Amino acid sequence: MSTLHTVNKSPFATGSLESCLAHCKDGDAVLMIEDGVYGGLAGTAVADLVQQKAGSVAIYVLSADTQARGLAADKLLQGIKGVDYDGFVDLVADHDRTQSWL
Amino acid sequence: MSEIKKFLYVNRKAPYGTIYALESLEVVLIGAAFEQDVSLAFLDDGVFQLTKGQNTDGIGIKNFSPTYRALGDYEVTKLYVEQESLDERGLTLDDLQAVVYEDEDDDWEEKPSIRVVSRAEMADIMADQDVVLSF
Amino acid sequence: MKFGVVISEGPYTHQAADTAYHFVKSAIAKGHEVPRVFFYHDGVNVASRLSVPPQDERNIQQNWTALAKDHGVDLVVCIAAAQRRGMLDDNEAKRQGKDASNIAEGFRISGLGQLIEMGIQTDRLVTFGD
Amino acid sequence: MKFGVVISEGPYTHQAADTAYHFVKSAIAKGHEVPRVFFYHDGVNVASRLSVPPQDERNIQQNWTALAKDHGVDLVVCIAAAQRRGMLDDNEAKRQGKDASNIAEGFRISGLGQLIEMGIQTDRLVTFGD
Amino acid sequence: MSTLHTVNKSPFATGSLESCLAHCKDGDAVLMIEDGVYGGLAGTAVADLVQQKAGSVAIYVLSADTQARGLAADKLLQGIKGVDYDGFVDLVADHDRTQSWL
Amino acid sequence: MSEIKKFLYVNRKAPYGTIYALESLEVVLIGAAFEQDVSLAFLDDGVFQLTKGQNTDGIGIKNFSPTYRALGDYEVTKLYVEQESLDERGLTLDDLQAVVYEDEDDDWEEKPSIRVVSRAEMADIMADQDVVLSF
């Protein structure tokens, strides 16, 4: 029993990512989409928080959204995986529920 | 439709500045007719939805806070409020309006619907649902 | 697997309706079922047939209408949310004494019960919003 | 003093159109001039005459139409923002080959130049948005 | 020459208040409206930040918005003044420009 | 309309997730015809509008980032970018696309339009305007 959490807001604009990470459980997955993908950047004010959680939670970014925003793969935190829309669908199917942190 | 699912309505936004709180409540009221296992979560700015003493005369928007008190009549009796969210906002349970229901399994005794839980407990509640609707 | 989808924000202003569209297309292409998409909050505005986006931009309403036609997705617009925001079909326009309607082909107006029913009848529910 | 006002968000969903309304009413009552209000982004949706709010709620469009009528406020809806979002007057509907329009009395559709002009010609500019 | 800044977002939801306070100058005024009025609450995670700034900047809340949200006057930080819509109009008139922190 | 006013367009939001960045740019382009004294401020998530290498094929939304490079042709030549906002986001000037203009007062020499300023300088720029439009 595990949850897919989606975050679509920049962690520099709203508290959604922080609240999501504070509520997800070991074995859950977090998928950053839309402006949420900025949460995957290395060297930012929230990078430590994300990196810390990446041990117990699988963290993904939607590649279409990182590409749109000019975020090259080598700018992302280590251990964060890119997925396409098909991968998004698989993540939804593979977890028992999806919770959107709007 | 005989299957009973656990529905969680997650409220993370303040009332009046945006319509999400009101339109969340409208779903809860309609959803009550479907006899599912319903819980409401109030965390982050969602805890502001339950403050007492709301008076919207000055802004010209309908005050919908009394509706929370009617939820018991719809058998919606589990309103989970996160302690840490209250703390960060300088609020205590005393700042929230009382919401109660009559427990049919306990001789219709009046009981509080608002249950203050820790962040860890809230995470457990979220992880125990079939359907999570976010507002 | 059966997916239910909720769209909570209006077209062009937020990316929600775009992301949901790509998600639903992928889900169907991968063999899943998406019996219904529910439009709530400003999401109801996606259904406007009066939208005229610039010619070099995607047409969000037409994308959804095509998806409904090609794959039988039931596009439900919440009646309460739609009324506030001025989204009406012909029946509603007549009932409310309005002189025009604006709901596009492939969308239908109905109640919030359709959202709950979708939650009950699908295996997964995904919300795209703000 | 002359005030220009920008409204950037849609009705009911965000409080912006309500706050702006109370602000403009107060400004006029206090003897200031509000020659124009400019509706941009989702703010264009305020102009819909098809809106049917619940009977116990305020009618945001009608409030603005009344203000325009009583005090000569020029309510300008940005044409580019309006087209994307499906807000059309009769002329635009005809020009775009659409079978209906939805702009209410008291609002007029025009270009972004009207926003800049308002910034130049007023003493203060206040934006209400999200 | 001074500026009226308006903030309409909760400081617990977005970074608008923090960014506003970091950019306003001595002698400016900040008016909290709509969900922004939560920034005026005492005893919160942002109260110190606001209180600190209240020495050099005049801070106001729109009373119609605090009342709507059930925030009694005695729950607000010391030195924060309530104004009605007429007071909002006066603040706009009395400052050289208005900047909205959306 | 002979008076020249100082107009500042304040950009605090990221592109694509919401439309504000694009619709801000549309105002700037139209506004250029009015021959006012125009500046653009990029701070908070607004700095993300200027990242290089944007490719929107995957999301199906038009890539409008090339338009910033055309601003010089409209005599919009002052794009102020806040250093602290870049720092918090792990960005440097190198991560932004080059935006230049030809300076007619200096023998049409090509000069950078993007000027990185400190937060304190940004506050000074904001305090020096007649009209501030926020996006």
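By letter and in written order, the chains are A, B, C, D, E and F; residue numbering begins at 1 in each of them.
Everything below uses one rule, namely that contacts are C-beta pairs under 8 Å (C-beta built on N, C-alpha and C of every residue); 3 or more make two chains touch, one makes a residue touch a chain.
It should be emphasised that the depicted structure is a prediction, and the values quoted were computed from it without experimental measurement.
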| item | value |
| --- | --- |
| Touching both chain A and chain F (chains) | C, E |
| Equivalent interface positions on chain C and chain D, same or different at half | same |
| A-E or A-B - the one linked by more C-beta pairs in contact | A-B |
| Centre-to-centre distance between chain D and chain B (centres being mean Cα positions), rounded to whole Å | 35 |
| Whole-Å gap between the CA centroids of chain A and chain C | 26 |
| Euclidean distance of C-alpha centroids - chain B vs chain E, Å | 28 |
| Per-residue multi-chain contacts in chain B, two or more chains | 16-19, 44, 59, 61, 131-132, 134 |
| Junction residues of chain C - those touching two or more other chains | 12-13, 15, 19, 22, 41, 54, 57, 125, 127, 129-130 |
| Of all residues in chain E, the ones touching two or more other chains | 8, 12-13, 15, 34-35, 64, 84, 97-98, 100, 102 |
| Which chain pairs touch, all of them | A-B, A-C, A-E, A-F, B-C, B-D, B-E, C-D, C-F, D-E, D-F, E-F |
| Residues of chain B defined as touching chain A within the complex | 10, 12, 43-44, 119, 122-124, 126-127, 129-132, 134-135 |
| Chain A to chain E touching residues, read off their complex | 12-15 |
| Chain C residues within the chain A interface of the complex | 1, 3, 8, 15-16, 19, 22-23, 25-27, 29-30, 32, 124-130 |
| Complex contacts: residues of chain D adjacent to chain B | 12-15, 18-19, 21-22, 54, 56-58, 130 |
| Complex contacts: residues of chain A adjacent to chain F | 8-10, 12-13, 34-36, 38, 41-45, 47, 63-65, 67-72, 75, 84 |
